[in-house]
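A, B, C and D label the chains in the order they appear, each numbered from 1.
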Amino acid sequence: MKYAIILGNLGNTNDRFLSSGYKDQPSKEEMIKRAAAIEGVEGVELVGTWDITSENVEQVGGLLSKYNLKCASIIPDHFAQKRWGSGAFSSKDPAIRAQAVEETAKMAEAARALGCDLLSLWPGQDGYDYPLQADYRQERQWIEEGVRGLARSYPQTRFALEYKAKEPRTHSTLARVADTLLTVQETGRANVGVTIDTGHAYVAGEVVGESIVLAKRAGNKLIHMHFNDKNASWDDATIVGAVHSIAYIETLYWLDRTGYTGWLSMDQYPYREDGAAAIGESILWLNRFDEIMQPQRAEIDRLIALDDAIETSRFLRKAMLGA
Amino acid sequence: MKYAIILGNLGNTNDRFLSSGYKDQPSKEEMIKRAAAIEGVEGVELVGTWDITSENVEQVGGLLSKYNLKCASIIPDHFAQKRWGSGAFSSKDPAIRAQAVEETAKMAEAARALGCDLLSLWPGQDGYDYPLQADYRQERQWIEEGVRGLARSYPQTRFALEYKAKEPRTHSTLARVADTLLTVQETGRANVGVTIDTGHAYVAGEVVGESIVLAKRAGNKLIHMHFNDKNASWDDATIVGAVHSIAYIETLYWLDRTGYTGWLSMDQYPYREDGAAAIGESILWLNRFDEIMQPQRAEIDRLIALDDAIETSRFLRKAMLGA
Amino acid sequence: MKYAIILGNLGNTNDRFLSSGYKDQPSKEEMIKRAAAIEGVEGVELVGTWDITSENVEQVGGLLSKYNLKCASIIPDHFAQKRWGSGAFSSKDPAIRAQAVEETAKMAEAARALGCDLLSLWPGQDGYDYPLQADYRQERQWIEEGVRGLARSYPQTRFALEYKAKEPRTHSTLARVADTLLTVQETGRANVGVTIDTGHAYVAGEVVGESIVLAKRAGNKLIHMHFNDKNASWDDATIVGAVHSIAYIETLYWLDRTGYTGWLSMDQYPYREDGAAAIGESILWLNRFDEIMQPQRAEIDRLIALDDAIETSRFLRKAMLGA
Amino acid sequence: MKYAIILGNLGNTNDRFLSSGYKDQPSKEEMIKRAAAIEGVEGVELVGTWDITSENVEQVGGLLSKYNLKCASIIPDHFAQKRWGSGAFSSKDPAIRAQAVEETAKMAEAARALGCDLLSLWPGQDGYDYPLQADYRQERQWIEEGVRGLARSYPQTRFALEYKAKEPRTHSTLARVADTLLTVQETGRANVGVTIDTGHAYVAGEVVGESIVLAKRAGNKLIHMHFNDKNASWDDATIVGAVHSIAYIETLYWLDRTGYTGWLSMDQYPYREDGAAAIGESILWLNRFDEIMQPQRAEIDRLIALDDAIETSRFLRKAMLGA
C-alpha cells in the first residue's frame, strides 16, 4: 500500500457557482507540508500549470526533498487553460494539438528531473457536448497519434491514460476502461497504459475489480490508480467509503491478485472539508479494507470459484461487520 | 425489529427470457414452512391471486396458525393478471377500475379474517410507457378516488401505497415518495399512507433516511417498510448489504428516530439463490446494522447536529469496520 | 410564448478545472444589449450579487428600460458566496439563515422597484454531501420557515422554489418537484409555488409534462419555467432540442392545457458557445415545437384519451418529421 | 436499408409479474406471416429453442420460403433454459460450457441450411449478480475460448457478439461495445465481430454513432445492428423514435459513413402493443430519419469538421423539424 495524493486536493476548491472558491489557496510549500503530514502519504502527484511548470521544477523538487515526498506522477495540464477549451490532443486546430504534445513533453522532462517515470494523462477537454459535433474517428485517431509519438520520444516514461465518461465535456473521448484500452493497444507502445480512477469507473457503470481485470487481460496495462468515492452518476470525488464499502474490498482483492504494484493515489475534491483530513480519512478506510481483505485472500479465491451468493454474503458480513 | 417476508420470495422466479422460471414452485404449505424456519421471521405478506384469494382464506389462515406466523399484510393483485395490463386503479376502462377496487375490498376482508389490518397497495401496472400516452392528471385522480373510497369503506384497515419509479411500466404513476405523499394527502383519510421499499427508493435516486423523514413530516404517513438492495438504476431486489452498507445504518437510525413501529418486511427476488437463505442473510445484515447503530444513537444525533463530514467518516469507519 | 433569459447566460462560463473561465466577462450593459438583440426575448432574470444588488437597482432598471426589457424575475444569491457554502436557508448557523432571509428580502424590494413581482429561489447550497451529515427534518423545516416568513412579509411578491436533485451539493434538499410541492404546501401561503427547470426535471428522472400536472394538482402551484436540455444524469444545461424532441412537445402541451401563463425563461450554461446564439437557438426550437403542437391540441387530447402507443407514434412521426 | 425483425417480437410478451403473458402466443406460421406483412421487412432473426431447433429447420425454412423472407440471423439460445441460469459460455460447470458451444454449433448448421451466414450471440446469462461472485478473468476467458473454437470450426459463419450492460444478470460480462471488441480481438478470428443494439448502447451510456466508430476502428468489426428505443437506464425496447430523435439521424449517418451494409434488425419488446404495428412504426421512423439524413450527408460532413454547436443546432432544427 504505497499512498500518494494529488497535491491540488489540499488547495482551494470551486465550482461554476462559486468560482472564487469555497476555501483559500495555501502556498505551494504549505500544501506540500500538509501532504507530508498525512499519515501514510509517501508521494504526490503534481498537476501541470497548477503545481508544476518547466520553470519551477527545481523549486518543487527542493520542496519535495525537504518534506521527504516522492513525485508519484505528473498530470500535464490539458484542461485548465482557455486554449484547451475545445480539446487538446484532439482539437480541430493543429496548432493546439501540437501544443498538447509539447506541454506533455515538457512534463516528461520535468518528471525525469524529479526522478519520476510516470505521466498520468487526463485529456479532459477532449470530447464533445452536442450530437453531430465530433468526428469520433478522427479525434480518437489524433489522441492515439499524440500519445504514440510521446511514448516513442520518451521510452523511459510510462504514460497512463485516465478515462472519465464526462465532465468537463458532456462526453469524453476516453470514456471507459475498455475504449481506453483499445486506444492504448493501437499506440502499439509498451510504455502506454491506463489510470483507473474509482469514481470515474463508478460513473461509467463499471465494477472496478472487473476494470482492473480488463486492463490485466489487455497486456498488463494498469499503470496507476486514483481513489475516491461518489454517489449516483457524477464525479463527486468524496472520501473513500462514504458510499461504497464492499466495492473497495473487491478492488483491493483484484489489485492484489493481478499483481498491481503501483501507487494508490488519492484524487478527491473536498469542496467544503479540510483537504488533509479528508485524504487522511480515505487512507484509513483503505487501510482498514485491506486489513479485512488480506487475511482472507485464499477464502475469497475459494468463494469466487464457488459462485454462491449466499456464502459470499455470509463471508462479507462477518469479515466486514464482525458478525 | 419485527421481521416479515413476502411469501413469494420463497417460490419460483422468472423473467422475460425464462418465463417458466429459474427454480421449481413449492407448495403453499412448503413456502410457509420455509418462512417459519427463517430465524427472526414473525410474519408473512401475502400477495393476492398468487398466495391468497377470497376462496382460500381459511386454508391460508390455518397454515399460518400451524407455523405460528402472523399475516403482516396483504398485497392485493393489481399486476399479475392480463386484465390489469394497461392499468388497474387508473385503467381507462371504468370496468377495470371497478374491478381494481373490488379486488382490494376482497383482500381487506381477507386481511380482517386473518387478523391483519394492513394492505400494501402496489399499483404496478398504473403508469405509462410512451410520451403523450397518459393523462397524468386524470389517472392520478382515479388512483386517489379508488383509494379514498376504499379507505372510507374500511376505516379499520390501513392502506399503504408503495411507489416505484418503473417496471413493469417504463413510468409508474406512484413513482417517488413525495408524489405518493401528495396523493395520500389528497385522499384526506387518516388510514392511508406509504410503503417505502429501500430498492425502489434507491432506483428513484432517494436517500431512504430522507424519504422516511418526508413521510414523517407529511403527517406520520410511513406505514410499512420493504427491504432489499440493488445496483445502479434497476430494481434488482438483492440481499440487503450486497451493495449498500452505510445507507442501512442511516435508514435504521431514521426509522428509530421517527418512531417507526411497523414491520421490516423482506421483499427480494432471489432469481438464482435459495430464497430462504437469501432472506435469512438480509435479516442477519439488518440485525448487524442495527447492533452497530443502536448503541450509537446519541452519538449520531450529535454528528447530525455537528455537520462535519470528517467526524462522521471517522465515526462510521470505527462503528462499522471496527477501526 | 413569453420568453426571458437569465442574464448570466450571456457572460463568462467556468468550471472547477478552468475557474477563470472559457470566455471573457462582458459588461452588464453589453449583456443586457445582447439579451435585447435575441429574437423573441422580452424579459431577463437577474441573479443577486452577479447582476443585481440593493445598490445598483436604479442603474439596472435604467439599462432594462433603455433596451426595452422587463425584469422577469430576480434569483437571489444563495449560492455564490463563501458564506452560503454549507447552506443558506438551512445552514446550521442561525446567523447565516438570517442572512439568507435578509438577502431575499432585499431582492424582493429590488424586484418591486423594477416592477417585478417574482422571485425564483434556488437554494442550491441547501443540501448535503455525506450520509449522516444532515438533519433532514430540521433543515427542510428551516427552509419552510424562511420562505413562509418572506411570503408573509411580501404578500405581493410570488416566491417560486426551484428544485434540483444535486449540484453544487451531492444532494439538494429541494430535489424533485413533489418534495418541493410538499414544502410549498407546508408554508400555507398562496404566493409560494415552484419553478420547474426542464433539465433539473430530467436529472430527477421526471417527465416534465407530469411534473407540470403535479404542480397543477397541488393547487395551481407552477409559477415559473426554466428551459434547457441535457444528456443522461447531469445538469448540462445545453441548447433546447440538443437531446430531447418529443419531450418538449409534450411539455408545451401540458403547459397549455394547465393554463400556464408565465415566462418561458432560458436557463442554459453555454460553456464554449456564443451565449446569445445558443439562447436564440433554444427559442427557435421551442417556437417550432409549439408550432407543431398548437394546431394539434385537440388531436393530442384525443390521443391521450385513447391510450394507443401505435397511434401516438404515427401522430408524432407525421407532426414532427412531416411523414 | 435492409430491414429484418426478431421473430419473437410478434409473439407473446411477459415479465416477472405476469409470467403467462400480456398477450396470446400465435403459431409459428402466423408470426412469420405477420412479419412478411410488415412493409419493408425482408428478413427474420430466429431465436434458438423459441423459433428454431435442429429438428424443425426444414419446416421453418419452408415457411420462410412460402412468405418470401430471408433468415437474417440465428440467435442461439443461451438464456431461455434453466440450464443456462448461472451462465452458458462462462458457466463454472464445464458440462454447461460444452453445451453452450454445442448449441451454437447446431445453430451454425441450421443457419447454413437456411442459407444464412450470421449468428448473433447474446450470452445474456453470462455475468454476475453479486460482488465477489465472479472470476472476471476466467469467465471472460471462457467466453473467448468458446467463441474462438466456434469461429474456427465454422469459418464461413460470422459470429456477432451482442453486448448489454445488465438483465437478466445485474452485470453482464459482455457489457459495452469496447470490452466486447477487446474480447473479439482476443479471439483472433476474422469472422468474429459485434452486434450493436441501440437500446443496449443507450443503457451503457454510449452514443451509438461513437460505438459504431469504435467497432470500425477495431478492424471493421460491426457485423449486425438491432434497433429499438428506451427511457433512462433500462432496456425498455420500445418503438424507435419514442424517446430519441437526433440520435437515430447520427446513427444512420455513421452507419453510412463507415460503410455498413448489414441488416437493420428490429429488436423490440412490445409488452402491450400489437407487435407488427410496433415494428412497422419503427421502420417508418427509421426510413424518415434516413430520408432526412441522406440528402444532407455532405452537409453533415462539413458540420462535423466545423465543430460549431450553434451551426449544428440550426441545421438539425431545419432538417428535422422543417424550420
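The rule we apply is simple: a residue touches a chain if its C-beta (ideal position, glycine included) is under 8 Å from a C-beta of that chain, and two chains touch if they have at least 3 such contacts.
Predicted, not measured: the structure shown is a model, and the values here were computed from it.
**Student:** Any chains in contact with both chain C and chain D?
**Tutor:** A, B
**Student:** Go through B-D and B-C and name the pair with more C-beta contacts between its chains.
**Tutor:** Counting C-beta pairs in contact for B-D and B-C gives the edge to B-C.
**Student:** Averaging each chain's C-alpha atoms to get its centre, pick out the one most distant from chain C.
**Tutor:** D
**Student:** Using CA atom averages as chain centres, what separation in Å is found between chain B and chain C?
**Tutor:** Here chain B and chain C have centroids separated by 34 Å.
**Student:** Would you mind pulling out the distance in Å between where the CA atoms of chain A average out and where those of chain B do?
**Tutor:** 40
**Student:** Listing for chain C: what residues touch at least two other chains?
**Tutor:** Those would be 86, 129-131, 171, 205, 232, 239, 242-243, 246, 272, 309, 313, 316.
**Student:** For chain B, which residues count as touching chain A in their complex?
**Tutor:** That would be residues 205, 232, 239, 241-243, 245-246, 272-274, 277-278, 281, 284-285, 288-289, 291-292, 309-310, 313-314, 316-317, 320-323 of chain B.
**Student:** For the complex, which residues does chain D have touching chain A?
**Tutor:** These residues of chain D touch chain A: 86, 92, 129-137, 140-141, 165, 171, 175-179, 181-182, 185-186, 204-205, 207, 209-210, 213-214, 216-218, 246-247, 249-250, 253-254, 258, 300, 303-305, 307, 309, 312-313, 315-316.
**Student:** Note which residues of chain A are touching chain C in the complex, please.
**Tutor:** The touching residues are 13-22, 79-82, 85-86, 124, 129-131, 166-168, 170-171, 230-234, 236, 238-239, 242-243, 269, 271-272.
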